[in-house]
Amino acid sequence: MDKLNIDQHISQQYNAVLDDLKTEFLEMGGIVEQQIIDSVKAITKLDTELAEKVLSIESKVDDREMALDDLCVQIIARRQPTASDLRLVMSISKATRDLERMGDEAKKIAQMAILISENGEMLDGFGELKNLGRRVQQVVSDTLTAFARYDVNTALQIAEEDKAIDEEYDIAMRVLITYMMENPRNISRAMNITWALRALERIGDHAENIAEHIIYLVKGLDVRHKTISEMEEEVRPEK
Amino acid sequence: MSLSALFVLIMLGATVIYVLGRSRSLVLANNLGGIRHLHSLPLYYGAQAALWCLIPCLSLLALWVAFDDSIIRQIAIQYLPEDKQNLSSQELALLLNTIENIAGGVTSLQASPEMQAIADRVVGLRQLSSTILSAIVLSSLVLLGALGWSKVKPEYRARNSVEKTFMIFLLACSTLAIFTTVGIVFSVLFESIRFFDIIPLTDFLLGTQWSPQTAIRADQVGSSGAFGAIPLFTGTMLISFIAMVIAVPTGLMTAIYLSEYANNKIRAIVKPMLEVLAGIPTVVYGFFAALTVAPMIKDALHGLELSILSFSIGPLDVSGESALAAGLVMGVMIIPFVSSLSDDVINAVPQSLRDGSYGLGSTQSETVKKVILPAALPGIVGAILLAVSRAIGETMIVVMAVGTAARLTANPLESVTTVTVQMTTLLIGDHEFDSAKTLAAFALGLVLFVITLGLNFFALRIVKKYREQYD
Amino acid sequence: MTDKKISTIDLVNKNLKKRYRAEKRFQAYGILSICFGLMCLVFLFTDIISKGTRGFFYHYLPIEIHLDAEILGITDTNDINQILAADYSTLVKKRVYEIFEAKKRKEKKNARKLIAIDATGYRIQALLKTNAAALLGTTITVNALVDDKVDFYLKRLGEKGDPGTEYFNEAQLLLIGQLLEREEGGITKSLNKTFFTSGDSAQSEEAGILSAFMGSLYLLLVTFCLSFPIGIATAVYLEEYAPKNKWTDLIEININNLAAVPSIIFGLLGLAVFLAFFGFPRSTPLVGGFVLTLMTLPTIIISSRAAIKAVPPSIREAAYGIGASKMQVTIHHVIPLAMPGMLTGTIIGLAQALGESAPLLMIGMAAFIPDIPTSVTDPSTVLPMQIFQWFRNADAGFSEKASAAILVLIIFLVMMNALAVWARSRLERRW
Amino acid sequence: MNVQEAIVENNTITDVNDIKETVGIPLVENAKMSMRDVDVFYGEKQAIFGVNLDIGVNEVIAMIGPSGCGKSTFLRCLNRMNDTIEICKVNGQLHLEGQNIYDPKLDVVPLRARVGMVFQKPNPFPKSIYDNVAYGPRIHGLAARRADMDEIVETSLRKAGLWEEVKDRLHQPGTGLSGGQQQRLCIARTIAVSPEVILMDEPCSALDPIATAKIEELIDELSENFTIAIVTHSMQQAARVSHRTAYFHLGKLVEVNETEKVFTNPDHSLTEAYITGRFG
Amino acid sequence: MDKLNIDQHISQQYNAVLDDLKTEFLEMGGIVEQQIIDSVKAITKLDTELAEKVLSIESKVDDREMALDDLCVQIIARRQPTASDLRLVMSISKATRDLERMGDEAKKIAQMAILISENGEMLDGFGELKNLGRRVQQVVSDTLTAFARYDVNTALQIAEEDKAIDEEYDIAMRVLITYMMENPRNISRAMNITWALRALERIGDHAENIAEHIIYLVKGLDVRHKTISEMEEEVRPEK
Amino acid sequence: MNVQEAIVENNTITDVNDIKETVGIPLVENAKMSMRDVDVFYGEKQAIFGVNLDIGVNEVIAMIGPSGCGKSTFLRCLNRMNDTIEICKVNGQLHLEGQNIYDPKLDVVPLRARVGMVFQKPNPFPKSIYDNVAYGPRIHGLAARRADMDEIVETSLRKAGLWEEVKDRLHQPGTGLSGGQQQRLCIARTIAVSPEVILMDEPCSALDPIATAKIEELIDELSENFTIAIVTHSMQQAARVSHRTAYFHLGKLVEVNETEKVFTNPDHSLTEAYITGRFG
């Protein structure tokens, strides 16, 4: 015990299983990320094929969620994790839900893409959708990277970014409502875009949730329902 | 008052003081509201008070008894006429003895009147001394008792001081072993030195001729024979060797069989039966060896022609006091030493080692030979060494069954003699402390002591070195 | 992997036969050893018992004898000195000559050799001592003791080679034959009470073990009273109190060493220290007890220490943990729990002391002491010493007595052990 | 209503006398050892009641249950270590690869070479480390030459994860090792005769948590080549190391299931009560 | 051990702490239920005061959520729960999130109530809102009762009921869109009602999630992402 | 990057020599016992290095750490049980309610009556159950009359949760009880002298899980009236029973914190490594 081999459990299997957990989570994250990218593309390009693909993947995400949850329960039952291990398991158990919800939202966007393309025509508000889509894609990608790297700083940035996304969403909504007032006949289709925007906003929220879990995982601090400045203060008390 | 009466009185007094001290502490405790307010339990207050008078009184008694005789003697010498006071110390001692005898009332002696007078005065002194002793002891008993009693106070640390006394008593007892060793060394050392003044050490240790009774060189002053101890030691070794040949394999195998193979019923019967062998006094063995075994061997082997292949050594000549008989009987006596001690160490080998071995698929004898014996080896060696020193030091069997003829031989059918035999024969009945003959016994004693000391030292080292290997 | 496994089992099976043969041999050695030990025991005991029981009996010739005051030379029946100094042998001799119808010198001599004259005289003396006035002048029947050689011969009648015949001439053998054939008043064999009630004697017929027995008893008493408390105190000190340092190491080495010092050396110690230096009286149970105390102490100390060690430290810790002091722990827990083991050591030590003789030789307990001791400071001998003495005596009667004394000694030992085992079983507790 | 009650609603066996059959999956295909209707008696007293169980090839099966429920007794049947207890009597069919273990004609010596055992307290022989490991192969005559023996010793120690720690002091006494190392030495000693099954009776109960973790890690690795049956008092340990877990109760085998299942959702309410700490 | 006392842990403290956990959860459920009732009332009666109350309670719910999560982690770290205990902890850990989200949705409804009442006037679609509100309230109340009683049957019914709610929501949406088309000037306010309807629908979904957790808790079965009939089959295989 | 690495980024003490100060909350207000700069030596060898720790009133404090880190040594300082080991030397300030424990003038007997101890292996005296419990009160003279003693025995056994089980056989030997009952008897025996602090050195390591659970439950109840310091090898046990947990490492007190904190988010990376099973 002269030299502490601090980054490895004595049990290789435990290491392996925790590693598995994280990998599975990130893989699921990858799938969801792709779903989001595809769905945004589908709705902006009105690509129904891509939208169908997104829909078909949905059940895969669901299965992954259940598998991950099962894995978490098993780790708790068989390994009695404590401290960082426990936080890892609990964070993933919670973040999985967020990923699944992201996937759901992506599915909704894809559904809207199909509905809109059925009606055939481009509308206003697509510019906003594109912008928001880009930002959300970015934030999801950042979130997954931050999780993979246990990167608290990025996590904080993600929380900030989500606020920006929310603002952009509000603006887009206002634009859309104005549009609807002007073109009542297109309301039904505009509503579809509303839902898509709404879904993107939700995805951003879920990304923020995951970012909060990253902070919990690394720092052991529960920063949910806190403002950004409160968060920063807790996470970096010295500054 | 007689000594024993005084002693009983002191004991009674101490008991009374104990009871008083205890009850005083109880009274104090009641006043304070419970025993827990006292420093110690009432028992300790009583004991403390009792010890306070018991120890001084008893030491006074012991000192008085030790010294009053010699003081009275000194005074008696003062009473003697001038001329007799200057007698040599030996004659003076004789004279004092006579006076003692007269004072003691041995009537058969024709006492001169002056002697009678002195004797009467000695008797008077004795009575005086005893009266004074009684007075002093009894008064100090009362005084010290009262003092001890008065020391009973709630905050007095009675328990601590009783415990201290207790420990000092234990310590004193434990030093006895050292005094014994010192005593042994000193009681043989001076005589041995005197012996080696007469007979050079080398002659003693290297000489092969032992005949203390007959004078070989008439011109030698103060000595009557040859004192080469080698034949004695070879004789001892021969007999011990025979004994070990019998005892070690038998004892060991017995121990193994009993602890590993035999079921509990057999074990419960056989073990104590064999232990009986160890409890039988050595005189009995000696008796048995001399009267039963030796004649038997003689009858069985005498005149037998032993032929090895076609080479015949002729008819055997068996001595009536052969080393074989003594060795055999000694071997039988030692069996239980080896078996019981080995049995204990074998049993002390943890069951887990056996389980470990069986679990690997070994047979019982493999387990015994390869696991249990090695594990128990230090203990077994210790047992064997103990048995060896027992054999070397054994006296009565050889005294009874072995001759006194010192012979340098390895033939078990001849008669030999041993160190212990010679020591007894040299010392019994002969109290002439100056002759080389008597002194030789002490020298033998010294050498024997050194040898067994060496053996035991060795045994202890072995046991220490390998002890706690398992566990 | 698989073919390796197969080969493993095959290899195991291949060697099995050989291994089982070794197993059988090993067991056989064990059984042989035990049989040997038991045989020795049986042999020893049958030998001792067959020899020893003889010693308890003796042959008597009931004779009628007229207590003639004149021959005895007693004038005043109240004068004890007269009764003690009376000439009993003449009286007995006369009567013996009559019985054997011995007239000639040679016949008289033959007859005299067949009856233990002096011993029979003592019997009459004993009777007179109690009631001289009434008995004097009457004719009484006394069980006259036969001579020890006759007794020896009679006890072995019918054995191969007629042992004992060599002691007698033709005429004497004839006389013995006559006595045996008598219908009434012939030789009888009965319990030898003298053996249990008197001390040693130069005459084997009169020799008894009482003095040696009492000597042994006193000796044991002294030894027990000294060695038991001192032994336990030492053991307790070493195990519970002593700091582990050079000094205690020294004590420990000393004790272990003393346990194996030949007993005869303790005799030398006693001789030099107690007799020569302190000037205690020779041949007394007191000094013997001192010597044997020193000798048995190591045994008691070692076994007591083992017993104390075997008291689980947890018990001690438990008591300390509640706030018991060291002495309380020792007295309340350690000593009671170790008591069975301590008793075992004491039994072994005392048994050893009881059977020990070599050191006692050195302090003069081998001296001829016929008187029965009444205190620990009276000169006395002890059983093993008595056996040794009798063994060395050439007289045929003595060796028989020695055998009988051995039986007594062994019974003594067994009883002592039984007592201690009983005591121990009452104290034994499990934890 | 308590969650327990809700769960046991349909499963009301709380009296052990009602246990008729083992729930879960006591039997497997491809069994290394299979036991049927095993009863064990100590004199008059029955300690095991009609146990049916299979142990699969290269499986780690854990046996848990309250103290005195017969875990050790059952385990010791599997290589007839119970033979050393005179009053112990075993009924039923116990097979090792189809061969009846309790066949009176069967020789226990080769059986025990095939079914090795590791005990609760590490019990290395008071010999050198080398000799400890070489003991088994030596008595069974497994190595013809010195070099073979060296190889057996090295591979066994390697498999037991001890080689690196002891390779420089193979000839020092095995008793000088720490508790955890001693236990691994005992495992190496068992492996050295290349058994097929290894039985372990509370192998970690005398060890501290770090040593325990190492042994558990070792069990994991060994399960690649050996079939392992382990008795343990630590439910957590059973959860960590085993593939299947068997729950004994008063001499009966109540439940055998995949370990994950036992610790997240056992089938029998007694198992549930035991592992959630509801006995008393 | 003659009589098995099967419903109690040996550790009283463990019992107490699990009890606490459940009680806290149900209490939080109670608060959220009240929030929902209040918010629905606020939006149907346009009662801004009530709506404000709902908003003010929000942070209480958040605190409860964090406290419950903390408690779950502590129980896992300190008690190493297994089997039903573990399932209880994990279910509550997940269901808490659902409760919190319900609270959020109630908040949104309250916000909409305030927005609508600011504009002052009653609209169509309130009928649907009322209906849906009643149904959702009922389903939430049923869910909490089912959890308290570990009642699997009710849980299954809740899942069915949620499907019905979804359908009703769709109808309401269609009605609303028609209304918007007809009254483009009121779009902005109609959108508020849309959001409220949407929130109610989400509350129903969350109730269904909790019902799924009940099934997991009691039966150890993960019935998420299953159809009702699949669920029933798994839960009651004998039927 | 590993989660551990991420966590320890700012906390890079992995060499125990760098440990200067105990992290967390070693000191409390309202301390029953307080230790300052405690060093313990066994001969030349130092076993405890400058430990500062307070134990609060009616607190249960658990001490954990790898084998040989000095937990037992430290615990045994608290009632001077170390006095029985000759070579053991203790430096520093140890106070029980302001009184210096290692004051040379202080008598250990009353100290040990105030600070009782329960040991690893249940060690009832080989006496009756009654006498076991009555022994302490007897030597300290706590009961004047028989009736008082009866009462003390009964209340102590009740507090230890043993009364119902043994009330009908008070005069049967205490050694005839089961392991768990014996340990509770030992606790009753300790309570009987009404100590203020109870020290427990691995009190459950010889017990099966059910008995262990009962003792843990008991510790919980006792903490209402007593201050308890418990050494345990089982981290789970420490997690279950204690209010604060102290982590020792190579003789140093690395961290003391609320138990919840230690097991979910310890401050020191060594603590983290130990409790998550990362030593090796």
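Going in written order, the chains are labelled A, B, C, D, E and F, and every chain counts its residues from 1.
Assume a residue touches a chain if its C-beta (ideal position, glycine included) is under 8 Å from a C-beta of that chain, and two chains touch if they have at least 3 such contacts.
The shown structure was predicted, so the numbers you read here are calculated from the model rather than taken from an experiment.
Touching subunit C and subunit F together: B, D. Of all chains in the assembly, those touching subunit D and also subunit E are A, F. Across the assembly, the mean Cα position most removed from that of subunit A is the one of C. Relative to subunit D, the most remote chain by averaged C-alpha coordinates is C.
Comparing chain C-alpha centroids with the centroid of the full set of protein C-alpha atoms picks out F as the closest. Subunit A and subunit D, compared by their mean Cα positions, are separated by 47 Å. Subunit A and subunit B have Cα centroids separated by 93 Å. Chain centres here are Cα averages; for subunit A and subunit C they lie 102 Å apart.
Of all residues in subunit C, those touching 2 or more other chains are 12, 19, 325, listed in ascending order. For subunit A, residues that reach two or more other chains under the stated contact definition are 9-11, 14, 73, 77, 80-83, 86-87. For subunit D, residues touching at least two other chains, in rising order: 66, 109-110, 113, 139-140, 193, 210, 213-214, 235-236, 239, 263-264, 277, 279-280. Applying the touch definition to every pair of chains gives A-D, A-E, A-F, B-C, B-D, B-F, C-D, C-F, D-E, D-F, E-F.
Residues of subunit D touching subunit C in their complex: 107, 109-110, 113-114, 139-142, 193-194, 196, 225.
Those residues of subunit A that touch subunit F in the complex are listed here as 1, 4-11, 14, 80-88, 149-152, 217-218, 220. Note for the complex: subunit F touches subunit D at residues 66-67, 179, 208-211, 213-214, 233-236, 277, 279-280. Contact residues of subunit E toward subunit F in the complex are 1, 9-14, 73-74, 77-80.
The touching residues of subunit F, counted against subunit A in their complex, run 1-8, 14-15, 66, 235-236, 239, 262-266, 269-273, 275-280.
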